[in-house]
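Okay, so subunit A shows up in both of these, paired with subunit B first and subunit C after.
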Partner chain A sequence: MSVIEANHLTKYYGKARGIIDVSFQVEEGEIFGFIGPNGAGKSTTIRLFLSLIYPTSGSATIFGKDCIKYGPELRRDIGYLPSDVFYYERMKVIDLLKYSASFYDRDCTQRMYELAELMELELHRRIEDLSYGNKKKVGIVQGLLHQPKLLFLDEPTAGLDPLMQRKFFQLIREENQRGVTVFFSSHILGEVQRLCNRVGIIKEGRVIEIADIRTLQQNNYKKVRVEAPGLDAAYFDLPGVTNLEFHNSTVRFFYKGDINAVMRKIGELTVSDVTIEEPTLEEIFMHYYE
Partner chain B sequence: MNILVRELKANLRSLLIWGAIVILFTVLGLSKFSAYAGNPEMLAVLDAMPPAMLAALNMQAFNLTTVTGFFGIMFTYFALLLSIAAAMWGSDIISKEERDKTVEFSLTLPVTRSRLVTAKALAALVNCVGLLLITWGVSLAGAAKYQPDREFYRFLGLCMLALFIMQLIFLAIGIFLGCAMKRYRRASSVAVSLLLGTYFLSVLSSLDQDLDWLKYVTPFKYFDPGMLLRESRLDLTFVGLSLAIILMSMVGAYLTYNRRDLYI
Partner chain C sequence: MRANIFRHEFKMHLRSVITWSVAVAALIFVYVSLFSSFAEQAELLNEMMANFPKELLTAFGLTGVDLSTVLGYYGFVFLFVQVCLAIQAANYGFSLVSVEEREWTADFLLAKPVRRTQILTSKLLAALCGLIITNAVVWISSFGFINLFKGDRTYQTKPLLLLLLSLVVFQLFFLGVGLVISLLVRRIRSVTPYSMALGFGMYVLSVFGDLLGESVLEKITPFKHFNPHYIIQHEAYDWPLVLVSVAVILVSLVGSYVLYVRRDIPAIA
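So, the complex of A and B:
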């Protein structure tokens, strides 16, 4: 049984596009990446799952139950970390966490302190005095303290320093190993690639690709830049080469296919500089739109 | 229960501020009244004033030189203060979640929207009752000096009951606006504008006999303190009308809040 199932979910805000005809499934125990640029509809999709907003058409189920009709019941097993964390400003962190914990049947005290210690959270400060990153840490603890079976993470790493990001990813992996299903939305391809099994790519409200992370990487374009004296653009006229640019004896192009073919070509040259790197997310999107 | 307790804590400061306003207002009123009390010259001054003006200030029915008369006049001002507080609490307690964007927290917890509205409505109701008790208490304390008769205490009790119903009306309207309005930032100002609008209608209707029908439109005419004094009872027609408004507002609040998108 799929943990999340979206069936032709469509959301318009008046005339403004939210998402259009989004369908996909997330299986139990997987970390599903949901990537797209800002405004693509990532948060809209998550808010529909949490029935904060209602679809214009289509439906969604979580744990096999309609996410609107059974929303409150389903949310007992859902943890949510929004992209921007807002809490009651005048409350102390500890009071807020206890308040949050009071809505769940199980005793969350121990897990709450564990998580707070892990995230190095100062429990006795007021929410309003916290920095953006520290609010995010409160969000992480609050979203996880009731040991949910399903996690919605909406651009979770924004505001966290690299050390905290690493701890956070470790935490998510551990949760996942305990069987927690994770829906991870991000606009940073790198972190999605590091963590996720499968990804959905959303652009302008539509899911344009759903793929296993490995296939995506295999199919992935490489961004190649070669600088060699007397180089000619036609030299790299291979199958799989696109967006070839030539400027001052430097060639840039995207390549999709067996990387060895390019390596051999480069090997025959006397180069002054070579870079082969992952394209940015934007560049990948450009290819999806060709 | 946890939502109710949290809301009560969060709104305690507001209750204390409104309580202080009511106390200050009553103390100022009483200090003026001490000049009129038992002063026949004051009656002569009032008799010389144009009747329309007295009607507008709701001063026709009362003998301002008695403590009962004084609280008869104060009723209108208490009604305004307490209703404004109720309308603001009602609209704010719902809409602040969206204004402060905390709705993404409070409604992703395992609670139904109805439970949230119920708990918040109760918290606002507790505040209203608290403010009413403060009003009652300060009135009793202020009047004690003039050794009022039993009739006064009955009159004051009826006034408080009438004030409570008016609080409930504007609380319910406020909650409805907080729940229903897409432009949640304006819920409070719309609620208070509506309230002041109906107040001015009530002033208009006392100026002109032809506008008498307005008494059904404006809650400020539902319970006339003059009638409370003369007949020692609330007009049941208007009690019924009040209950209908309260019920409709609350049903509307639950329906719209359950059906609409939350704005984040």
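So, the complex of A and C:
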């Protein structure tokens, strides 16, 4: 059974586009990356799952149940870390966490202190006195203290220093090993590459690709760099070649298709250097957005 | 209704409730303490007032009022109390839901396993609780200060009770209308202008109604529905108008639930 299932989800804010006809599934135990630039509709999608907003058309289920009709019940097992963290400014961190815990039936006290210690959170400071990064930590503890089975992380690493990011990733991996399904939205590809099994790529409100991270990297493109004296850029003008760059008798390009065609071309040259490698997710991603 | 939301909301209101209560009690104290000097000069005062332009008297609700009697004088004070309570209640109404959206805390609350109806009910009850505390302070300080400063004059208890009893409905009117308006607009940047506009607006409307003899305007403002001088003179409510208030409260509350349950919670773009 899919943990998340989006069926033709569409959301317009008045006339402004939110997302259009978004459909995908996230399976139990997955870490699903949701990538797109700012304004592509990542937060809109997550907020639809949480019924903070309602779809213009289409529907979504979580744990097999309609996310609007069974919203309150489903949210018992959902943890949510919004992209912008805002809490009641005048409250102390500990009071906010206790307030958060009071919404759940199980006793969250122990887990709350564990997480706070892990994230090095100062519990007796007022929210208004916290830096953005520290508020983000409050968000992380707040989103995890009830041991949810499904996590929505909306650009979770923004504001965290690299050390904290690493701890946070470790934490998410541990949660995942315990069987927690994670929906991870981000515009930073490196972190998605490190953490996720599958990714959905969203552009201008539409999901344009859903793929395994590995297949995305392997099956598609090769990054080719050839250095040869007297080389001319037009030499590699083959079908399947994109992003051709020429500089100082070095040619760089992406290639999709039968690699032998490129090999034969290279074989006819007297090269001084050749590399053929997997593109980074970043490069694949940029390709989608051009 | 959820006890944890109620407690949280009530704590958030507490400081404001205390401030309003102290302010209203002080207002009643200051005015009522002046009663004996007013009453001593009653004839002079009534003569003087007879020479004031009618419009001015109307503006302060002083037409056909005898300031030399305890209740006549208190009715005049009560009008100010009404204005204060109107603004307070409107304040709570306008901010009830909008404060979470203005400070972006709505995502936190609504991602919890609660129904929106539960959230709204808890918030409404917490606000109402605050209003009732202020209301109780008005009761205590009215009875206390009247008896302290009335001197050897007497008054009838029934009209005073009727006046004070009307306050709950009066407060609910502004709470409900404020809430429903806050849900009809997309975003409220600052609550104060809205609550001042609603509170004073309704007051001004009732004054204009008096000045122009415009009876349609009377129908919508609770300052008319619960006109203190009418209640004191007749020792009764103007029931048809009271029912208008009650109807507005019901419609605005039902409307608020419908709107809130369907509402798209705004996010930072």
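We take it that the second predicted complex is superposed on the first by the 230 of 290 C-alpha atoms of A that agree within 3 Å, B and C clash if a C-alpha of one lies under 4 Å from a C-alpha of the other, contacts with A are read in each partner's own complex, and residues count from 1 in each chain.
The definition used in the following text is that a residue touches a chain if its C-beta (ideal position, glycine included) is under 8 Å from a C-beta of that chain, and two chains touch if they have at least 3 such contacts.
Since we're looking at a predicted model, the values are computed, not measured.
Three-chain overlay on subunit A, with subunit B and subunit C in a clash. In the superposition on chain A, contact is made by A:Phe86 with both subunit B and subunit C.
Of the two partner chains placed around the shared chain by superposition, neither subunit B nor subunit C is touched by A:Arg178. In the superposition on chain A, A:Lys65 contacts neither subunit B nor subunit C. By the touch criterion stated above, A:Arg106 is placed in contact with neither subunit B nor subunit C.
Taken together, the two structures place residues 13, 47, 50, 52-54, 71-73, 75-76, 78, 80, 82, 84, 86-89, 99-100, 102-104, 142 of subunit A in contact with subunit B in one case and with subunit C in the other. Across the interface of their complex, subunit C is touched by residues 13, 39, 43, 47, 50-54, 71-76, 78, 80, 82, 84, 86-89, 99-100, 102-104, 142 of subunit A. Subunit A meets subunit B in the complex at residues 13, 47, 50, 52-54, 71-73, 75-76, 78, 80, 82, 84, 86-90, 99-100, 102-104, 142. Against subunit A, in their complex, subunit B makes its touches with residues 2, 6, 10, 100-105, 107-112, 115, 259-262, 264. Residues 4, 8, 12, 103-108, 110-115, 118, 262, 264-265, 267-269 of subunit C are the ones touching subunit A in the complex.
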